[in-house]
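Here's a structure for you.
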Amino acid sequence: MNGWILAATVALGGGGAAALWGVTTGPPARRVIAQNLTTSAFCPALLLLAQGYGRPAYVDLALLLALLGPVGTLVFARLLSDDLSAQDASAWGLTWTAAVLGAAAVVALCVAVGPGRAMVKLLVIGVLLIGGNVIASRALAGGFRGVRGG
Amino acid sequence: MTRRTAPRAVLLATGELLAWWAALALLWLVLITSVDTLERIVGASCAALGAILARLGRRAVTWR
Amino acid sequence: MSTVMHVLPYLVAAYVFLTGCYGLATSRNLVHAVGCLAVCQCATYVLLLAVGYRDGATAPVFSDIAPGSRPVVDPVVQALTLTDIVVGATVTALLLALVLQIAKRHGTVDPDELRELRG
Amino acid sequence: MNRLRLWLLAVGGAGLAALLVAACLDLPGFGGRHHPYGDRAVQASLARHTANTISSVNFDQRAYDTLGEMSILFAAVLGCVVLLRQARDEHRAPPEPAEVARPVRRYALLVLPVALVTGLYVVAHGQLSPGGGFQGGVVAATALHLLYLGADYGALERVRPLGVYETSDAVAVCAYLVLGLASVLAGTAFLANTLLPYGTFNTLSSGGAVPLLNAAVGMEVASAVVVLLAHFLDQAVEIEEEHGS
Amino acid sequence: MADALIVVVLLLVAASATAAVAQRDPARQALVLSFLGTLLAALFTVLQAPDVGLSQLAVGSALTPLLIMLCVRKIRRRGRSKEDAR
């Protein structure tokens, strides 16, 4: 029984269900935050799967998600900025807990992988993920105030 | 000697391009698994492309 | 449990397809209809990949494992799904362009109102 | 009329559902061992030293099908360009510079080259690790639009001369065709991967023509997506109706 | 253990597909479609199809939402200018 896959199941199942509930209900501000947190839940899950299946090649998936996830959130932050500016769309507590959980997963994987090129790649993905999510939530919290929705 | 071709501006520009090129070449080396000459050549050219785009992007954003 | 597992992915694919068709048929906004069509297409991805799966197998990509060392899933199905995703994205783009034209020429994106505009 | 339509939908849906469930129950079990095509595809891919079997299937065993898919992409983008052009009763307002928060702008300028290099990495290693021309091309195109997301549409327009991308789109499609015709000129079949040496396994030059076709498709997808998004962005941000109409 | 993971992700895919269809407003549907795209990329990884997962990630996370949101913005902006002109 592979511990990594169990952790990935918990991340995908729990994080996925919470993000789905967040994306489908509540005010638009809360929905875009849930979409942002989807990335910070699924990227570590993909990393855990790559380790669980014993396939370092799957790490490229997490790399691409760490890059394009925040870009997707920026798309919504910018094009929904008129709806978001009305409500306060900042959930810094959630963002930082997700960032800490992501960092914990990356550190655990680095320990498991051992020093070398693979560890540096994991750290690059971790930095991109956490940086991307923090900036995306910064954009949601009012990054596009001067933009008239476009 | 317009502002753009003043030696100092040219120096700054090449400095920025080189810095971006070095960083992106390092990123390429991290991404690939096996390193051989062809990988280095392709990596160097992709990093150069990225450096040019980085500089163009910065100038496009700061250009008013 | 395993008998359910044998057929669950196909049933999920069929369910997603039917849900997409229901959304497409009862949509009151053409952009929403294009989204429902995208959901229908997602069903085909799930079905195709479920057909190609093999228990305990890994992907037939041998950049980090030795060929033949582990059982592999079916690559042909994955190539079909990859083509499906790319064509799906371009069809979505073309349909959205058409929706923009309809909105511009008829001033509405509600399919029912469009029907009444004729004549 | 609406009630009749819903009723018809319900009957049709129920019939389709019944047929689908019957079909699902008859399919071979999920996770079965019998994959005849898969085993042969893996053998053919390994014979030609292509580590990524999916890229080998896409660009070597079924390259003609990928040619068709690429022309679908080209035709769809052409359709969008024709549909979304500026009509007579519309004028083009210059995009007003938008004030974006400083950290967001710095993030966009930082991730822009990183995403481009990652996209090129995914294209270049298409025949080795997971990835390929399509995925890398879309990532590279999306990277370019970080300028719009991180700053304003004017900044993106300064960096993205549309004519260059339209010609590179056409050049990439022609490159794919020329690679195919090259093997015809050399005496074998169209798009047959028998011309170039297959190189050593799991290196960048392995797989004969697969990496070249990958690069051609990557360039085509990247420029096609840029052209596509350009026309959608023009419609959404710049082109406005004459208010008098 | 891998079966449980497949079942969990498949049920999530079914639920998010239902949510995507039930969401009548296109802007909010784009949000759910973006979530569905990322979830499908995870499902494809679980079904051992990384190439397809990469393709779904590239297309589903940034390209399709951007296209839909630009379309929504154009229709919403046209609606607003129509009211001013009237």
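Here the chain labels run A, B, C, D and E in written order, and each chain numbers its own residues starting at 1.
By our rule, a residue touches a chain if its C-beta (ideal position, glycine included) is under 8 Å from a C-beta of that chain, and two chains touch if they have at least 3 such contacts.
Model, not experiment: these values are computed from the prediction.
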By label, the chains that touch chain D as well as chain E are A, C
Name, by label, each chain that touches both members of the pair chain A and chain B.
D
Could you tell me which pair, C-E or A-C, is linked by more C-beta pairs in contact?
C-E
Which one of the chains is farthest from chain A, going by Cα centres?
B
Euclidean distance of C-alpha centroids - chain A vs chain D, Å:
24
Using Cα averages as centroids, what's the distance between chain B and chain E in whole Å?
35
Would you kindly tell me how far, in whole Å, the mean C-alpha position of chain E lies from that of chain A?
16
Residues in chain B with touches to at least two other chains are numbered 27, 31, 33
Sequence positions of chain E contacting 2 or more other chains
2, 22-23, 30, 48, 50-55, 57-59, 62-63, 66-67, 70-74, 77-78
Check: chain C positions touching at least 2 other chains come out as 5, 8-9, 22, 50, 52-53, 58-59, 61, 63-64, 73, 78, 82, 86, 89, 93, 96, 100, 104
Touching chain combinations (by label order)
A-B, A-C, A-D, A-E, B-D, C-D, C-E, D-E
Please name which positions on chain C make contact with chain E in the complex.
1-2, 5, 8-9, 12, 15-16, 19-20, 22-23, 27-29, 31-32, 34-36, 38-39, 42-43, 45-46, 49-50, 52-53, 56-59, 61, 73, 78, 81-82, 85-86, 88-89, 92-93, 96, 99-100, 103-104, 107, 109
Residue ranges of chain B in contact with chain D within the complex
20, 24, 27-28, 31-34, 36, 38-39, 42, 46-47, 49-51, 53-54, 56-58, 60-61, 63-64
Chain A touches which residues of chain E in the complex?
1-2, 4-5, 8-9, 12, 15-16, 19, 22-23, 27-28, 30-32, 34-35, 38-39, 41-42, 45-46, 48, 50, 53-54, 57-58, 61-62, 65-66, 69-70, 72-73, 77
Contacts from chain D onto chain C in the complex sit at residues 5-6, 9, 13, 16-17, 20-21, 23-25, 27, 29-33, 35, 37-38, 41-42, 45-46, 51-54, 56-58, 62, 65-66, 69, 72-73, 76-77, 79-80, 83-84, 87, 125, 128-130, 132, 134, 138, 202, 221, 228, 231-232, 235
Inside the complex, what are the residues of chain E that reach chain C?
2-3, 6-7, 10-11, 13-14, 17-18, 20-26, 29-30, 33, 36, 40, 43-44, 47-52, 55-56, 59, 63-64, 67-68, 71-72, 74-75, 78, 82
